[in-house]
Amino acid sequence: MPQHRIENVSSGFWLFIESRGYRVLQYCVLAAGLVAMSAATVPDVRPELRAWLTVGLWCCLGFFTFELAVRVWTRSVSERGPRYLLAAAGAIDAMAVLPIPIALLVGVPAETAWLLASLWLLKLTTSVPGLALLGRVISLESRSLASVFAIFLIVLLLAAVALYVLERAAQPEQFGSLPLSLWWSVTTLTTTGYGDAVPESFLGRVIAGMVMICGLGVFGLLTGILATGFAAEHRRRDFIRTWDLVTRVPFFRDLYPAAIVELTRMLRRLDVAERTVVVRRGRPGDCMYFIASGEVEVKLEPRPVRLGPGSFFGEMALLERGPRTATVVTTAPTTLLILDVSDFHAFTALHPDLAQTVETEAKRRASDSKRKVSKEQ
Amino acid sequence: MPQHRIENVSSGFWLFIESRGYRVLQYCVLAAGLVAMSAATVPDVRPELRAWLTVGLWCCLGFFTFELAVRVWTRSVSERGPRYLLAAAGAIDAMAVLPIPIALLVGVPAETAWLLASLWLLKLTTSVPGLALLGRVISLESRSLASVFAIFLIVLLLAAVALYVLERAAQPEQFGSLPLSLWWSVTTLTTTGYGDAVPESFLGRVIAGMVMICGLGVFGLLTGILATGFAAEHRRRDFIRTWDLVTRVPFFRDLYPAAIVELTRMLRRLDVAERTVVVRRGRPGDCMYFIASGEVEVKLEPRPVRLGPGSFFGEMALLERGPRTATVVTTAPTTLLILDVSDFHAFTALHPDLAQTVETEAKRRASDSKRKVSKEQ
Amino acid sequence: MPQHRIENVSSGFWLFIESRGYRVLQYCVLAAGLVAMSAATVPDVRPELRAWLTVGLWCCLGFFTFELAVRVWTRSVSERGPRYLLAAAGAIDAMAVLPIPIALLVGVPAETAWLLASLWLLKLTTSVPGLALLGRVISLESRSLASVFAIFLIVLLLAAVALYVLERAAQPEQFGSLPLSLWWSVTTLTTTGYGDAVPESFLGRVIAGMVMICGLGVFGLLTGILATGFAAEHRRRDFIRTWDLVTRVPFFRDLYPAAIVELTRMLRRLDVAERTVVVRRGRPGDCMYFIASGEVEVKLEPRPVRLGPGSFFGEMALLERGPRTATVVTTAPTTLLILDVSDFHAFTALHPDLAQTVETEAKRRASDSKRKVSKEQ
Amino acid sequence: MPQHRIENVSSGFWLFIESRGYRVLQYCVLAAGLVAMSAATVPDVRPELRAWLTVGLWCCLGFFTFELAVRVWTRSVSERGPRYLLAAAGAIDAMAVLPIPIALLVGVPAETAWLLASLWLLKLTTSVPGLALLGRVISLESRSLASVFAIFLIVLLLAAVALYVLERAAQPEQFGSLPLSLWWSVTTLTTTGYGDAVPESFLGRVIAGMVMICGLGVFGLLTGILATGFAAEHRRRDFIRTWDLVTRVPFFRDLYPAAIVELTRMLRRLDVAERTVVVRRGRPGDCMYFIASGEVEVKLEPRPVRLGPGSFFGEMALLERGPRTATVVTTAPTTLLILDVSDFHAFTALHPDLAQTVETEAKRRASDSKRKVSKEQ
């Protein structure tokens, strides 16, 4: 087979394996595999069903092996092969496939070996976008998190020692050693409260109450740090993506760089599927839309109008402060940039040029629409 | 009956069914119905009481049927009928009425059929304003929420597998299969901690402690994402409403558009019921009020003054930094726009015109008030 | 007794009852009273101790009666009497005193009557400043809170109905009626998890897991709304207080109003007790201080310098970016305004006048200090 | 030994004891000591192992005694001795060493005396940076925290009294006195929910449900206050540190003070270990880096280039909006200042000088790199 044909086949496989449809299939296989693995551990499953579950598990394993093989092959054709298995995504794909056969060969009982199928879930880490973000948040906020963790440890240990001293005589089963007391301490400080170990002395209960309140405090700090960090990182990442889209809209090209930055901060990105109603006629209008990619259809009388990337719609409702004058439906997967009414007025107050362009375009459309109607008649 | 009379009757019903009084009645019927439904499930209720409860439930069902009929009829008169039952609100109204008779006809036992009355509670979703908001937050933050959910699933499954391996021999009742172990895992990761399944091995407890701490972390992320998103959406929505009100106040008409935007961001909206004291004489003054709609009475000596939409009050306390000089009471349901002292000074520092207008009006009022006093004497 | 003497005695009592020392005493009596009330309910308390506890409780009641009497009397002398008992604070003071004797007279057993002493704790609501704030937050955010509460109710009821249907046959004790099932639902949705009612069917446990996750979500929304609202209100209130203090510092009088607003936003207020070290020599300097009220002593060589309201200190560390050159101790209860280094540089970059004034004063002090040293020698 | 030699030895010890390596060692000894202490409390430990654990504990104690001795000695040589033991860090070091021998001498049983080793964990408070921060947050937010605590106490007591009245007859073991009822109240209000005391009456359960919901609310307020305060303090502290670093970068010296403040707010600090990949070739570029201290190696063809403090890299990806053109690795522990693409564009829009300098340098580097390549050939 000549080289270029191999490359064509390879890139075909590549496109297939990176498509949205394949991802949905992968999620289904993953869910089915994990359900089968869980069901296989139930003791009173009938033998026939158990056999079918094993078949299903082997099929899932085959699917992931095929996926790994395609990925390794397509990468090696495009000369990025050797690096793939060393990268995080490759390692996770390999960890999904290899451990189970190895465990079976080594002689681990089948029912224990199949528990390694839980590693399949790690595949989520490569497809869920927010996880890399979370890693960055944790590395940036590591100092604050370390100090909260230190407080957690100090309260944990001091409470455990106090309860060990107070309760060891009365409840040797629950508080008879420091590790047992630490177990009580961690269930209480996280406000989990199993209730398997409960202090009975008066002082022990007073300390337990204080530990619970400390738990609320530690929790509050942790929540605050993670939430603040996550929000900030998310904002940063969104800015970069929106910036990329803004530069593709010809409409914004004549703006000063400072105005573009300001506008990028105001716009929100929205990914819309095919055949979705974006704007419904008669509803109050609180934002206008710019099309970054994709296409929409404006349901105008007498015939609908199609708008492509770089166009905008929904501006009439903002200019005249009335309800939406037409329904707008996407005809392809579309990425929209949303400008809220508050930001629209704030922005056009400072940059009257944009307001003028929008108004000119709106007038042109209105007259255009009238002309079309008269032509039809 | 002539067409216009039908329309009059229809719009009368419409006004009644959309009034605030009707909503209170609806809530009462809803609460009574749900209490009756709950009470009817208690085994040791006396037969007479049970009969009365059933009567009450039929009355509630009748009420909601009447409501549905009026809504369908008034909508069909105003030519929006066929769409109503297809819209979300119509579907919910229909779901409140139809399932119970259908279930009874099909032969479901009465006590089970009446449990469908719990669908009545879905009516809250059409009258509580924040729920649509929540839907938008979840759609905008879906990426972040998906990644938190992925972390949740990974921790959940890995913890369940680990505990299944460690505890299945010792506690087959609690950890004898992976589904049982997952049940323990979810109660622990959400820090619910029923205590029906508790690890006993040392390693199992160490892992359980780590799962609890992960639970706090997952919780913190979820809280942060939902809270940030909710706050942002709320702010956007409030801006649009306040903007509408600001444009109705003649006082603000001469301001530049940029200043109006700025002011809209500063103002807070407050809906006040009839006969409520807004400002009490002698209290420290920390804000001034603009009336967007409704009417207030300023309890001045010798006789009170009434102020309507577009007026303002409470400015004296800001200009002279003293306590309130008069009590102000609403005489009708009133929507006020509140401007805090901090924002007042920040705004008038940049826009001295507004400060001057407010001061001129304040002086006019002061002299007016003196003149009136001297006239009276 | 002549009128003016009564007024003098009355205002003396008034000053005493509003002093900080009295408040500490009040807190002690409150704590002692509540501890005595709790201890008196323990069944196996010895009769002698129980008698002493009753004596203690009567003393506390006497104390609060005395407080109420003084408040009513001093208010009536200063002509604000009749309103006092109708105001919230007066009603709470009356509720602390009257119910117990009334209950005893009516014939309620003593041990139950004394439980009304728990109303004494309501006195905290008049002395803790943040509670009025919380009321305002809840009234402003009532829409969002109502929608979260609606979600809470819907999840609560639907989960209870589902579990009632699934578990009523297997566990009639725990899920035998809808109220019982609602009890399980509320303990699970708030992630309290007593463990007295636990679903056993597979589907019941799946639903329970979803309820717990909803619980986390509801909690996250509630946290976010309350926290955002509380922070905003707190900021507003602090602005007004700081503004009052800023206008008392002569140093800031020559600034433009816009600059004063900006500065007020930057300054943080700090109340310091007597004889507290504010700045320690040799420590890194990250802020400067303005004295709003009170007095401090700068431990300079050869003799310390005292600074009163309107003065500032700590500026040298900011101008020269070195460690603190002298220790500063308060000599009276002092209110300081703190300006952080970041805000100092941001502000002086925009308002070079202030920087110049600070530098001139700093130089004058440095030369002053040298002159004094040379004089001493 | 002459004075200067003592000082040399002392400062050598000082450098050793403050080094990063020593801190890691200290953490290891701390962890080992606490594990040994916990293990020694387990009743069924074999006598030989128990003996070894005791030896280990004595070794840890010896290590901390040595540390204390070195610190006291090095401080006394540098004339800061007497203050050390009175300072917080010295007191904690002394508390780690002295109580155990004193307890053993006084006659406390060995197993109880060694529990005092839990005080070793307090050493974390001197090395974890966030704890001082937390102290400041709590002091600044003390008013809000006090009001939340007051709400907590009021709900706690009223719920306990209500449940005591309702349940004391039915469940004297769980609700037979107010302290018992308070124990239930605190476990419920913190949503810990042990399940050892559960109300059984209908009204009791309704109140319990309300207490749980109040628990969520109190928790939300606490979280919000702590998180807001912590975030603000963290931001302040980071500003000061970043400011210090910015002033060391010669590149920024020509900027106006206002621009430096603005830039300081935009930059994030990142501490990177030796031999870490900062930028990987081919990855999308979303920020540029300034070196505050340390050194990096840019893997350019034909030979790598080293950049020291004051240099910057990663600017090409921002100017040309493409992927990274070279991998950058640290060659020493390095502190970097990160400028995000969003902030870069926002800043250069307002300060075109900086953009020009960056572009000139980028061009110089590009031509430099070409020249080198041609020289090599």
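Each chain gets a letter, A, B, C and D, in the order it is written, and its residues are counted from 1.
What we mean here is this: contacts are C-beta pairs under 8 Å (C-beta built on N, C-alpha and C of every residue); 3 or more make two chains touch, one makes a residue touch a chain.
Remember, it's a predicted structure, so these values are computed and weren't measured experimentally.
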Relative orientation of copies subunit C and subunit D, as a Cα rotation angle in degrees, nearest 5: 90
Copies subunit D and subunit A - interface residue numbers shared by over half, same or different: different
Between subunit A and subunit D, centroid-to-centroid distance (C-alpha), Å: 28
Inter-chain centre distance, subunit A versus subunit C - centres from mean C-alpha coordinates, in Å: 39
Per-residue overlap in subunit D, given as positions that touch at least 2 other chains: 179, 191-195, 219, 223-225, 227-228
Complex contact set, residues of subunit A against subunit C: 191-195, 223
Subunit C partner contacts - residues on subunit D that touch it in the complex: 140, 143-144, 146-148, 150-151, 153-154, 157-158, 161, 164-165, 172, 176-179, 182, 188, 191-195, 198, 202, 205, 208-209, 212-213, 215-217, 219-221, 223-225, 227-228, 236-237, 239-240, 243, 247, 256-258, 260-261, 264-265
Contact set on subunit B toward subunit C in their complex: 34, 37-39, 41-43, 112, 115, 118, 121-122, 124-125, 128-131, 133-134, 152, 179, 183, 186-187, 190-196, 218-219, 222-228, 230-231, 234, 268, 270, 286, 340-342, 345-346, 348-350
